[in-house]
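Look at the two complexes coming up: subunit A is in both, with subunit B in one and subunit C in the other.
Let's turn to the complex of A and B:
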């Protein structure tokens, strides 16, 4: 205290140079403290400004997200997006699955643990488990991708040495039902085929794991697959394929290619099963093409139904001879050529239309170009090049030209829906697309084709395809497969495309069977009328109850095909 | 000791107060952050559980499985188009299903022709019944109760017998 007073008293007395130095020092001190005070005042003002003046309550999630991002938090991990069908049924999802590993140093009783583990996992043998539990490493995988139920049981063992690592796995609850359309992913969740591959960017983390809705209806998919499978079994066929399409929009409601595979274990599937027959396979589909050649005839020449074609003699071109399978040996009208599926008659139609006009018509229908489709497993059709006279003849009844089944169904849809071109669609769009205004045939031709298709089912080769009350129409196609450059009479591709209801078509159902063999019940026949047509009949029967479509009972005289009846000669009276 | 000036006291007090407020706020923020993390974790777990349940739901409702179940446990089959009647007028008269004329049904009091003594007999007069024959579920229970009663009787009589 005394020292203080002394100092103060002395300070007053300070004079001269000493005083000046102290003044300078004090001035500097004041300046520095002033500076700090200013800074603190600025801070205080800014804090006041932010918290009181600019105060805004956090209300929206957007604000919160903005705040969180500003805070530099780790963005949550995005799982790969789900795929659902048109009704929201889950087709593919990503689940966190546990993988079991062991740290052998922490295992107290290896024998007991191994015993209990082998009881939980049927494919984990006691010996293998024990070996892993007693290994000298600190980390050994026991089993990858276990079920939640199994994980629970493992936790019950209570060994501290057993641990889990979590991985994301693609799960397909419908199993192999949609294998070819959905595709599959690698273990790192990269799309390898189908929708998984073509929409990899959107579904994956890069696209924000967006969900995707397909045009598929799982119930119809199941019905179609079941019937194709039954047909393959019944006729000991090698393979089968089928499509259900909305003829007005081209939306694919079901698409099946058999044999198929389990997308969870696609790596183990044979190539034969991985092959997508719908869009990657090309087939000479035979008489189904008569729909197109007959439509071309009506469209280009506008001939009446009564036009006749002499089907008594086979057509000979060079070393080829075109014969009829269901031989009628007489002069046939257009409806007769169509319903009895006369190759000679159809070849003559192609001839009448002309090579260029027929080819252009096929091109307009999209039969000659690579299929434009939402999955990448597509291929180019095999088209005769150059397109000569013989090609015109054979293409009229579906030989010498091989296309994907999807293209054919889309082309048939385009004709029966009133003539508007549709393309196969697999991804559902919320936006109602404006009606495709690309006309391929006129209203009149479309109506005539609907009549002819109906006639084939009521009186022609496809009588087994009729479902009473639903006005089914369609066309059979039995094509011989070419084996080593020659057509093999015993190896057939039997297919049928059905459309219903014929007075206002809504759905096209196509089924094809590869190498069916005749049975006792079919009297040895393996043609489309015996194999594919009944399968389509059964599919349509299931469809109508699934979709709740009302039947329309009409008398035969009011049938859309009734006016064609008087162009048909009574059997045996020619 | 020199007396502290009021001004200094105030400054010290203010400093301590702001320190307390700061600590309080930071603790609050810490707590809120912990809670946020907890809620986030719970919500992520919930989302994952929903994903699993959705997958399970889709699996359990897969058409192939439902079809197999329906085949095994239901006596139903898809509707036959021939059996679908679109207009109510086309339906046949339901009364024709019973082989009695209208007068008989209306005129006869049910109780008069209907003296059921047991459930079995109700089922055995089908011509006039409006209720379908039932499985004899009720009598069995009565029998059991009776059996139990008689057992009690027997026991009590034994007991009384023993006491004598």
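Let's turn to the complex of A and C:
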């Protein structure tokens, strides 16, 4: 009984203990529940914070790209305007090209994508690509300006993180053909040179992306460039330049400066190639200037063709002597001075005209002021200052005065077109402006000059420039380059300005070559008559067939230069 | 719902009227959530590693069949059957753990998996609930039979298990197991001063782990100071939530998941946040909270120590696992690869959770008026 009671008491005691621990356990269950409630409430708050307070939706890739790029680089919606030549041939246009970027967040398999990208783009290394695909940004450029074929292959990878942005890229279908006049743009399509720079406002989005037509004729540009390039090659010259101008309007039909550059990669071109020799380069062009001094003589003194100049003795001014290159050692008439290009005779003409009158005449022709031109690559000529007696003498045969080739061609045009001043024009205007009746020389002087220019080709220094049937006239100029203040006999600028047809001039064709070297075929001569004149001859031959100009075969007696023949002494007669 | 009459005394009938049908429904809703989320989150992951788009989804659904059968089947067992089954599972998983260490394949720097019937199983997933049940039984035994040193044996088993876990090494599992066992000890009535001592020991253990495992060290460093290293996954996870908003981008419309390597498993909560938004995040949290509170509440009625300890420990394990998963994705806890119970892809996890929650359902079944028999005493 006692034993039994003891057992029973024990059982009760145990039972009591158990319920006590169970009560404790229940209390602690509440604590654990409380802990979880607390944690879950905290998590819910955090989820609210992230999804609602920090709500930052990922929108379309295009939006992302713009966000990453910043407002400044948003693609302009107005594409840059096209540039065409006078016949509508495309010279510069804007193409929409795809550029590849990556949003690394959306790349699911960077290794595989990098491998395939590096296979598509040979210049994109696997390591570089992988690095970009795994970068922490939301927008990384992979490759700009890709081809449609490449874009197709990238799309085939099927990575949602690879996206395209369409950019506008300037394209020059003619390549380097018009590099200097047309200029080029930056990758962001800002004009950097030539037409692209000077008409940036008009072509760009600001001007509504207007199109622009130039006076250039691409076909003539090709012909001129080809002949200048051939001349540079043939005579191992350093550089060359040339212009074809409509003498009545001053419109530039072709303008070449060599060496040139690829406008798509202008950044890689050397300065020598970027330099526009036509409007930014100044040269002492030598005897070409005899056109101006002779015209000044007719215009100011109205002397007859028979007027003579004694070219037997060099002119001595102080320590300075003027000699003739093609020395005739006799008394020369005006046509003889011109056709044989006598420096002594021309200097005497300048003397006769007088310093002030000659300078004023040059100024009227626009030879002494900054070139007035539509592109900004222009410069001022180097003009003797003060203009003394010696300057008058040398300026008469084109020394001591350095001008841009474009100025010279415009001045020649102004004389041969009948005496109306023309300015070089590059932008074609549909509205024909009222002809500026600024006369620089009289009809009579203009006619006489045409005769003299024609005579130089038929009988003078430029016989290699003649194209039968087209009455080519012109004037050679062989100038020694001034190197460190001294004239170097070996270093020449040989140039020729041709005009045709001389009975009613339409076109002036000018070509100059810098430092040509004589060849066997030219008997060592690098003068204009052997270098630039044949180049102009070939250019004109091409021109007439391109433009469809019909030849006019006339007998020598009816040639415009025929009346001058009796002012020329028969060779060997004295 | 008169599938079974109340007086039906068959196993099914009895089960139907005694099981917590609310909690059972909650588990089934979680499973549906899981199928939807694995369907949207796993195809990019599968494609990335060169498997078919629906590789993970198919396997997930395939494994849910045994997992659900396990959940319901185990919930029909009585407590004696439960601890017998658990002892077997425990012993088997310990053997498997040793096998894994000896022969297992190493994946991502740890040896955790063995292959059975073409599926890789992670034995530690099964050790965890089985240990908690065995420990609960041992500790409950000590309360009723003074001469049984249940606590001591449980402690011995604990050290055996965590030694095997740490050898793999599997720190996350160790932490969850330790915390769940600590909850059991807490429920068993350990005085608070001892709890503090254990807490201190736990912290000391974590500090030791911090210095002995480089990857743990770097992960915690990165949590404390995000600028100290690459937080790619966590940042993507936060982006996902921020992209979600109130109602999310819509199923399958998320984009951040594309960049999350573990979107279908350790970061599935982020996918929920991105595609379904705060609304469904809160619904999921409510379901999880409902399961926990309902479970703890049902335990209040029970006067059996084993039941309280086992179910309490398992519920704590369930709750902690969900907590670590959500805390990692919300950047409130250091990144720890932890599956979201019943939702994440993961065969072992789904099976072991089916087993563990089946036990919880079984133990929280309404008792047959035990108070009457009590009254007779």
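What we mean here is this: the second predicted complex is superposed on the first by the 442 of 574 C-alpha atoms of A that agree within 3 Å, B and C clash if a C-alpha of one lies under 4 Å from a C-alpha of the other, contacts with A are read in each partner's own complex, and residues count from 1 in each chain.
Following the convention adopted for this analysis, contacts are C-beta pairs under 8 Å (C-beta built on N, C-alpha and C of every residue); 3 or more make two chains touch, one makes a residue touch a chain.
Computed from a predicted structure; not experimentally measured.
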item	value
Partner chain(s) touched by A:173 [first = subunit B, second = subunit C, both, neither]	first
Subunit B versus subunit C as contact partner of A:219, first or second or both or neither	first
Which of subunit B and subunit C A:458 touches, first, second, both or neither	neither
Touching partner for A:468 - first (subunit B), second (subunit C), both, neither	first
Which partner, subunit B or subunit C, touches more subunit A residues	C
Partner chain(s) touched by A:550 [first = subunit B, second = subunit C, both, neither]	first
First (subunit B), second (subunit C), both or neither touched by A:90	first
First (subunit B), second (subunit C), both or neither touched by A:539	neither
Where subunit A meets both subunit C and subunit B, residue numbers	none
Subunit C to subunit A touching residues, read off their complex	44, 47-48, 143-144, 183, 186-189, 236, 238-239, 241-246, 249, 255-256, 258-259, 273, 277-278, 281-282, 285, 288-289, 292-293, 296-297, 299-300, 303, 305, 308-309, 312, 316, 319, 323, 326-327, 330, 332, 377
Subunit B contact footprint on subunit A (complex, rising order)	1, 76, 79, 89-91, 93-96, 148, 171, 173-175, 177, 218-219, 221-223, 226, 467-470, 541-542, 544-545, 550-551
Subunit B residues within the subunit A interface of the complex	2, 44, 48, 51-52, 54-59, 61-64, 67, 78-79, 81-82, 84, 86
Subunit A residues touching subunit C - in the complex, by the definition given at the top	14-15, 17-19, 21-22, 24-26, 28-33, 36-37, 39-40, 42-44, 46-48, 50-52, 54-58, 104-109, 160-161
